[in-house]
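Okay, so chain A shows up in both of these, paired with chain B first and chain C after.
Up next is the complex of A and B:
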């Protein structure tokens, strides 16, 4: 029913089959040269070891070039001009949307709404769908694993509308069992909003049974895909989630662009969250008629270069064999778990490698995470320390803060060797020194 | 070691400070934390019996990174014997100078937590949480 993109972009007849018709599969060890940022010394003589991918990933040349080409060659606004550059920009911009739709297995390209990132996407759901369809006493089920991006928007809604938040508890090793979700479901559950992968522990959440049990209760399922989508964990063609939010910058794309995927019926029923140009069809002094999907949710000039960059990122990732990538990351984690056990004093948080993606949460005895991150940086090893925007999870873990090393396509076992050596060095300095400090 | 960040002196303050602990009887005290990094500081002072406008002794307690804990130790050392008004007038610049290392914006909060806690103790004018009342929050 929706208007196709000014007829410029032909929609693929079978988006899902196209996703599998991958031409070539480059070997993973050849990838490093694609990422210029990898090849640097953070200071003289100290090579970069980048293990902060859960915060943001590095960008490969095709993405950098795509963004640059927009700025250098056709930096025009989209959906407005009739001139050549604007048409070229519109075409590139909308074809990026097509690529993203295919990448996640969306049935229709209109179900892909651009946002600034995961955070904005979830806020959009809460502000538009939530404020329209939820009422006092309705319940939203979240989990202990959630990033603040999938918590605060719901808290704001709960406060405003008298909606009740319920939390599925994790096991001691940081897994979210479907039964834990089942326990907090009720006849009043309207939304189940969970992450696909914990950004602190790496836990992969078993979405399939969770989606089934939520739908049984008539609740919709919102998936925070910020960590899951970059690892191709979700195909909405196979797993019928209702909304999926993710960020371009965690999957080789630029910052400032992200996606809200929503099932058409849901998006159609939702009012716009923001008003402005482009999101309207007809406007009078008194009112306006909303534009079609997805434009209804996209007022103003969008991040055009960034969307095009994300399209290039998706092309890049789609060329890789996702099985190979997944097994690469799993074997890296198995290696890291083994290697760090040799260091001593390192407690790896979260589940065993088989239950998680490429994220390694750590607690190093006698070394505060901030000190650890700073000491690792002296070895050029980039990790993140703190609470990673997941305070309730840290309360659950009983830790004030944690350190996190996170891997992506281009990491190697060497990276984890350097991590292990740097941690051992930090331990020597801060822990093995003199245990003189009074308990 | 290639930089001053974890120099011996700071590490001594961090793990062997003579000012870590509690006073018999504190006159002013407060607790603060950096929720994002989990640093926690309790800071307390006893006033001079002869000259109640002056700090006789200072102690701190808590946990966190080297910078936050070393800063608390240095601050305790620095304020003993000072008039309260002077302690209240201490600024971030004083604290950073005493630490003797450049603080990146991310570490500034750690380095200044103790000073903020001391200021709060003075402003509140109460002894704060008594010793043994659990970990400072």
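Up next is the complex of A and C:
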């Protein structure tokens, strides 16, 4: 154990374009051809329109093939095997970690800890760093936008340790202003934990001033990057957040793999949250000596195929011009706002497109979101309905649930045309149809 | 199964996907309003917890028979349609007949295939809740 790999990665000027030599922006049709799941009928004659990307994104061929290659050609366990397949698996697995480190601009590859996803990553911070360094009366600042993954772990910690949770309020159009965060900061604030992008409203949170304000108060900043990292480059070298959590499956990678990025000195000071094999250097009957970073947080056999798949996803995304992708998604949102305004009874929740990423929260008059999603599925339009693991936000919005259409790099304006037509049809079906059953 | 319920199940089962959803919406439109004397009891004790939409169920006994009443918001037509199916199919049924309704009723109507596992499980919760209420009224009436 304790195999060292690349050590320090020089911080690139443009980390998202480093993985391949020539960043390109392929035509949208070519790009769509990379995603086999897009090319299907969900029922005979009904083509898929996939707008549930905030829940999980589709996988391009290079990711599918990378996972298949591991399973088919070198499905060995990593790190300790003294044989060719294990060496190959270890190399692919650790190379994926290096790719992820470059993708987010981490100074050192050891600052990238594999987790099962964003949720586990934030739980790890709360259970390890939080339990070690927070005491009664300390304060954690969250916001009204948070997904339960960035709320419940802190609530559990607060209950156990007498820590106080404070909430920065959002504006009526769903924006989180830095001033709202500032209002709840105090001398007792030790942690500011906020999302980079709301998973319900798409609101992009202005992290830069929030990070500066938190650091001025001596607080650490935890960023839930589940939605933000796949859509906007968060370069932890340029934006000095202390922890960043995100998931592979929301950025073209497999499910079951996620990342906790943490600054080295913070990770060094944290005890492991879980024990087992691989996370120790020496073990006796009396105790154990923890392995070095990042392994001390990764007991047991890791999700090898998934990590390799995420590495392939990062390669794929790195080939694209991130500015062009962001601009494409912004154009889609501007189009969607305009197009849905033409459909009666649709209220788009959250801010104007300039303040948001590719997420469209909707309230459609006279239709419960679950029923709406059901009726849209008749047209092959996949959206999500419910509270999206953000109950306090729905309480703030005064809505029991919402419908959400979310775009990613492969979506087109045609997708939003089909969404608009399907919503109009759902409303016709519910309100303007001659009954099939005799009265 | 009572003949009325059997006929409704058959009608849904024979419908294609598009017709089935339209039938459910029609049923939703046929749900009678909650009688005024029950409106003030729309509380947690009468709510079906498995449904995210606020679904309230009420039972009244008329000798050996049961009368079912419900309140479901019109914004949730599929749930409302299913609840109406239960009311139309089981109105005036005996306790035994309600308790004998097969638990896979949703599958038999073809609605499970239409609605997906998660929503079908919410609707199954309505049937479970109804049976529980019927069983309770039966044991209460025996206790009295």
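The working rule: the second predicted complex is superposed on the first by the 403 of 439 C-alpha atoms of A that agree within 3 Å, B and C clash if a C-alpha of one lies under 4 Å from a C-alpha of the other, contacts with A are read in each partner's own complex, and residues count from 1 in each chain.
Going forward, a residue touches a chain if its C-beta (ideal position, glycine included) is under 8 Å from a C-beta of that chain, and two chains touch if they have at least 3 such contacts.
Bear in mind the structure is a predicted one, so any value in this text is a computation, not a measurement.
Once the two complexes are overlaid on the shared chain, A:395 sits clear of chain B and of chain C alike.
Once chain A of one complex is fitted onto chain A of the other, the partner contacts of A:238 are absent, as it touches neither chain B nor chain C. With both complexes placed on chain A, chain A has more residues touched by B than by the other of chain B and chain C.
By the touch criterion stated above, A:375 is placed in contact with chain B and with chain C alike. In the superposed pair of complexes, A:80 makes contact with neither chain B nor chain C.
Overlap of the chain B and chain C interfaces on chain A comprises residues 368, 370-371, 374-375, 378, 386, 400-401, 429-430, 433, 435-437.
Residues 368-371, 374-375, 378, 385-387, 391, 394, 399-401, 429-430, 433-438 of chain A are the ones touching chain B in the complex. Taken in their complex, chain A has these residues touching chain C: 43, 366-368, 370-371, 374-375, 378, 386, 400-401, 429-430, 433, 435-437. Across the complex, chain A is touched by residues 1-3, 5-6, 11, 14-16, 20-21, 35-40, 63-67, 107, 110 of chain B.
Taken in their complex, chain C has these residues touching chain A: 17-19, 21-23, 25-27, 29-30, 52-54, 73-79, 114-116, 119.
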